[in-house]
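Structures are listed in the sections that come next.
Next come two complexes built around chain A: one with chain B, the other with chain C.
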Partner chain A sequence: MSADAQGSGTEDVHKYVPMYMAHNAKTMQFARAGLAAISGSAAGILGLKNLYGFAFYAVNWVLISFLLLAIKTQFKPHLFFKGGAKDIFTDGFIGGLLSYILFHTFLYGLVHLYQ
Partner chain B sequence: MSITIGRLLSLVGITFLIHSAYSTYQHLSYLNAVDKAESGLPIEIIAECLISVVVSLVGVVLCAGDLKNILMENEMRKQTIDKLDTAPSFITFNHRGRRAVSAHSLLQRRSHMS
Partner chain C sequence: MATLGEAKQMILDPAIRDWVLLPIMVVMLLVGVLRHHITVLITGTPKKPQLKAVRESKALMRGSQLRAFRNAIPPHAFASRKAFLTEAYDQGKYLKNPNAPKEGVPAPNPMTDPDMMEGMMEGMKKQVTNMVPQMLIMGWINFFFQGFVVIKLPFPLTLRFKSMLQSGVDTRDMDVTWVSSLSWYFLNLFGLSSVFTLILGDNNGNILYILGLHHYNEPIY
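Up next, the complex of A and B:
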């Protein structure tokens, strides 16, 4: 079993370029950080509370994932990510959510609380 | 080119986002001043906020650098066999270069003497 796992690992090294995989992950992370900052600020400005805020994040997440799929990969995600479109739509969802809450708190406090 | 457009779009979007934040602040302080207990923002501010979010998200996506093809076969297509399959054992020292160098130095010596 361990030999099997090792075999698939070495196959990956021969199938994909690790340097470019890291580069693509970094590019994705940049876009997701931008999403968290911008949509978190917008949610704070609009004063969204409890489930509406999470729903707003989910909508924006789907929007930016679709934009990345359309603009960056031209609908060919398997050329740029090991897992294909699944990697674009699922990677870093929770990490982005934490930054989103941070920015939401900041802008909500600035606009709605300190009158 | 797309990076410049992306920077411009995200700058415009963030500017309008800040403007909508200020508008919200002003609206809320107006409601406070006239003692109205009204909840909900005017539709103009909400529309401005949402449109600026979409614009700046498109800007951010354009701003991020291009992705690179991760498939090894695509990378290998750009390489030559001499670059990939090189090893010290393939180096040949026993070739006509030695003769050429000695002939060259001989000629040089002759031209110096004359």
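Up next, the complex of A and C:
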């Protein structure tokens, strides 16, 4: 199955049930949302500045992507996402970054800016 | 180029935090939750599709599924299915209205088709519930908090971002990383999506939903 699913083209559409795909995407989105909020807050409280903040996000992103890959999909991403591992590592990166920036800024401001 | 050094440090009054920074965030959160519930309320139950229309689309889907799984069934089974479906399609057995003339008829005007109108109205309703609260909040911030500097970004930016981050504050020499109240609103608008995902579930967090743009890039299965 996983080997078949890698093929491209419109006919593959029938191999995935839209309802389940939507559920998978939602589960992943939920994990991502948690990551953005929590890691952003952590970075803000730690007082990370400049590029360290973004590096922290990148590290966390890779970490949680790997955890999703290992635990949620048991290293068989093609059973869960049309794009396979690529989907897990790229989907929602920018949206998560926006949330991360908000929480980073917010907590940084509360902890380190206002006295 | 000045760095984020202590020399340029401004001290913000804690009252600004209590009366501007936090209220904007809390109000935006609550409005987001309210918007979600209003959307749920005014979205009627989806209209039941006509039986014939369902039959037509299912027949088409059956054909494409047969094509997709052609390798999964024996050749003779495939051949007989193919023959059956081809004949049915040729005769128009599953068409919604088989008596309609075959070609040369222009597509019906969507404005006159009641089904289409209904769908458009649904979309409009959602768009309005999405846009109106955002404009109200923007007006509220502009009216009460214009010109407040509320927070500082923890990373440096180029001068190009000055107009974006300090809208409403006209100072030439202030560091780019200081954020005005209106820009804090925009940060919230784009950043709170993950919070909405966490507390409301579904696709509410999607910024496209908040802006009412989600119709434009729905995946087609």
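Before moving on, here are some points about what is shown:
Here, the second predicted complex is superposed on the first by the 103 of 115 C-alpha atoms of A that agree within 3 Å, B and C clash if a C-alpha of one lies under 4 Å from a C-alpha of the other, contacts with A are read in each partner's own complex, and residues count from 1 in each chain.
Everything that follows uses one rule, which is that contacts are C-beta pairs under 8 Å (C-beta built on N, C-alpha and C of every residue); 3 or more make two chains touch, one makes a residue touch a chain.
Computed from a prediction, not measured in an experiment: that's the story for all the values here.
After overlaying the two complexes on the shared chain, residue contacts for A:36 are found with chain C alone; chain B is out of touch. When the shared chain is aligned, chain C comes close enough to touch A:51, but chain B does not. Shared-chain residue A:109: touches chain C; no touch with chain B. With both structures placed on the common chain, the touch criterion links A:15 to chain B and to chain C. Touching of chain A by both chain B and chain C, each in its own complex, is seen for residues 14-16, 21, 30, 34, 47, 110, 115.
Chain contact summary for the complex, chain A toward chain C: residues 11-16, 18, 21, 26, 29-30, 32-34, 36-37, 43-44, 47-51, 53-54, 95-96, 98-106, 108-110, 113-115. Contact residues on chain A toward chain B in their complex (touch as defined above): 14-17, 20-21, 23-24, 27-28, 30-31, 34-35, 38-39, 41-42, 45-47, 60, 63-64, 67-68, 71-73, 79-82, 107, 110-112, 115. Listed in rising order, the residues of chain C touching chain A in the complex are 4, 11-12, 14, 17, 21, 25, 64-65, 67-69, 150-156, 179, 187-188, 190-195, 197-198, 201-203, 205-207, 221.
Residues 10, 13-14, 17, 20-21, 24-25, 28-29, 32, 41, 46, 49-50, 52-54, 56-58, 60-72, 74-75 of chain B touch chain A in their complex.
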